[in-house]
Amino acid sequence: MHEQFNFAIEVLGTIAFSMSGSFAAMQKRLDPFGVLIIAFVTSVGGGTVRDLLLDIPVFWMHDLLMCALIIITSVISMVFKSLEKNFKVTLFIFDSFGLGLFTIIGIQKGLNVGIHPLICIGLGTITGCFGGIIRDILLNRIPLIFRKEIYATACIVGGAAFLLMTKYTPLSYTFIQIFTILLIVGIRTLAVKYHWQMPKFYGYDQTSEM
Amino acid sequence: MHEQFNFAIEVLGTIAFSMSGSFAAMQKRLDPFGVLIIAFVTSVGGGTVRDLLLDIPVFWMHDLLMCALIIITSVISMVFKSLEKNFKVTLFIFDSFGLGLFTIIGIQKGLNVGIHPLICIGLGTITGCFGGIIRDILLNRIPLIFRKEIYATACIVGGAAFLLMTKYTPLSYTFIQIFTILLIVGIRTLAVKYHWQMPKFYGYDQTSEM
Amino acid sequence: MHEQFNFAIEVLGTIAFSMSGSFAAMQKRLDPFGVLIIAFVTSVGGGTVRDLLLDIPVFWMHDLLMCALIIITSVISMVFKSLEKNFKVTLFIFDSFGLGLFTIIGIQKGLNVGIHPLICIGLGTITGCFGGIIRDILLNRIPLIFRKEIYATACIVGGAAFLLMTKYTPLSYTFIQIFTILLIVGIRTLAVKYHWQMPKFYGYDQTSEM
């Protein structure tokens, strides 16, 4: 059941990321193959960078099912463009759950090969966030993550909570995992609902650069 | 003869990619070393990403000849800037042949290490297209491939034809290869001649983002 | 003493790169975690690409101290924003020394695994420059290195001098290393002082693209 739970969340997360990539690409008026490529890198980008950094096999190179899922989701997004409007909330929830699970998967894969826990939080953040970063770079806009949302922050807080709980509490792994995912989803939801933003560096009017 | 044919096409393709990178960089008024770096990543970018994904040695790390070829081509492009105007058609043909062969090389390298054929089409597309994508990202413009040309489309169609023919027909490998390259060159040439474009998602006027 | 010298320079270089990333990110009004991520990639980006290309373990995955150093430096930069104004010259010197040492480290790591010296100059340049390139891509501006400064040029000239001296002179390794770093620092300092620039390709008014 534990495995099935993970698999279900990963599928939902991948679907959400593929949709988010497809919609962003359509807004930029790319052609269908462009949309497909953007959907793909949004979904697999974070995990790919993580696997390259860990020097382990890149996960999607042997996972035809995942590739098919991304492509099918992207095609459906193109056919039913209006999905975005109607399923906005659903998509946001999928995306947040995916972000939570992807963060945990990143941390876990790092721990498996003996990386220090603090660096693993970075790996988790990379897994969760880099797909969206690469998507925004390809679409030539400043990565959304750096501008608006409590996104990386949620990953880092969630990742830290996950590590502290696995180390210092006797709680079961599954419980900790679910708690972490809900924490990340909760932070993002509250942030959007109450317009939380991290403080920014206003009044920084220097134009000189090193 | 088969090997020599491949080698000749690869050399021509590399020259074309190096020139295309050099001219794009000069248009953005980079200095000579900037032009050199852009020429280099345009030529080797796709193959580098492919080799990293497959976890095989990055091809140009041990290929001094290829590196020298790229540099020399870039220097020649800088000295004879007007080449672009006069050899536009030649360059387009080189570029298309290179694209075709690079796609096939990507597919072949993937098959060699046991990747599923469908994922190999993706690898072929990456090999053909990512050099140009990285070039455009470094020059801070939205990747050309996503905007205008039948480029990725040609790779995907050509790659699919290549795989179907190797699997289901008794034709010789060399014949299939030549046919695939000509198919990719043909699609691109006809697309440019008759202003083919993939349909885009006009009327998508939403400005909201996930 | 030789090791300690290297370590000290590497620490100073990392601090400088982390500061340069932090200040650039604050100028773009990113939130604190965004600033942290930019500081991180600026510091480790070049070495990461180098290690991926060489297929050796990514250096910071097992170097908690280096990660901590980058984060602490970035936090200090955020707290004392005015540091940039007051320590501009200091930062420039750190940055140049770091650039010099990073270039040499890149060359040395390449030679260690049997890469041809000429390709190693490229590796050194990548180690020195790619952190700043990735920083600028993430902040959606055309990489500074391609526009203004004698940066890659200093790496390439310094790297070539380093290789020629190790091969053709009986000078001690430490001496050659110090000389190379001072050469790179010197080129950059003189370039800034006297407004040296590489010639650019003005008068290139074609707007057509391949």
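A, B and C are the chain letters, set down in written order, and residue numbers restart from 1 in every chain.
Methods note: contacts are C-beta pairs under 8 Å (C-beta built on N, C-alpha and C of every residue); 3 or more make two chains touch, one makes a residue touch a chain.
In UniProt terms the chains read A, B, C = Trimeric intracellular cation channel family protein.
Only a predicted model underlies this, so the values are computations on that prediction, with no experimental measurement involved.
S.K.: Can you tell me the C-alpha superposition angle of chain B onto chain C, nearest 5°?
M.R.: The two chains, chain B and chain C, differ by a rotation of 120 degrees.
S.K.: Since chain A and chain C are copies that touch, just let me know if over half of their interface numbering is common to both, same, or not, different.
M.R.: Since fewer than half of the residue numbers are used by both chains, the interface counts as different.
S.K.: Could you grab the centroid distance between chain A and chain C? Build each centroid from C-alpha atoms only and quote it in angstrom.
M.R.: Result: the chain centres lie 30 Å from each other.
S.K.: Multi-chain contacts in chain B: which residues touch at least two other chains?
M.R.: 52, 55, 137, 140
S.K.: Tell me, which parts of chain B touch chain C in their complex?
M.R.: Chain B residues touching chain C: 20, 23-35, 37-38, 40, 48, 52, 55, 57-58, 60-62, 64, 67-68, 78, 81, 84-85, 88, 91-92, 95, 137-140, 144.
S.K.: Okay, in this complex, where on chain A does chain C touch?
M.R.: Within the complex, chain A contacts chain C at residues 52-55, 115-116, 118-119, 122, 125, 133, 137, 140-143, 145-147, 152-153, 156, 197-202, 204, 206-210.
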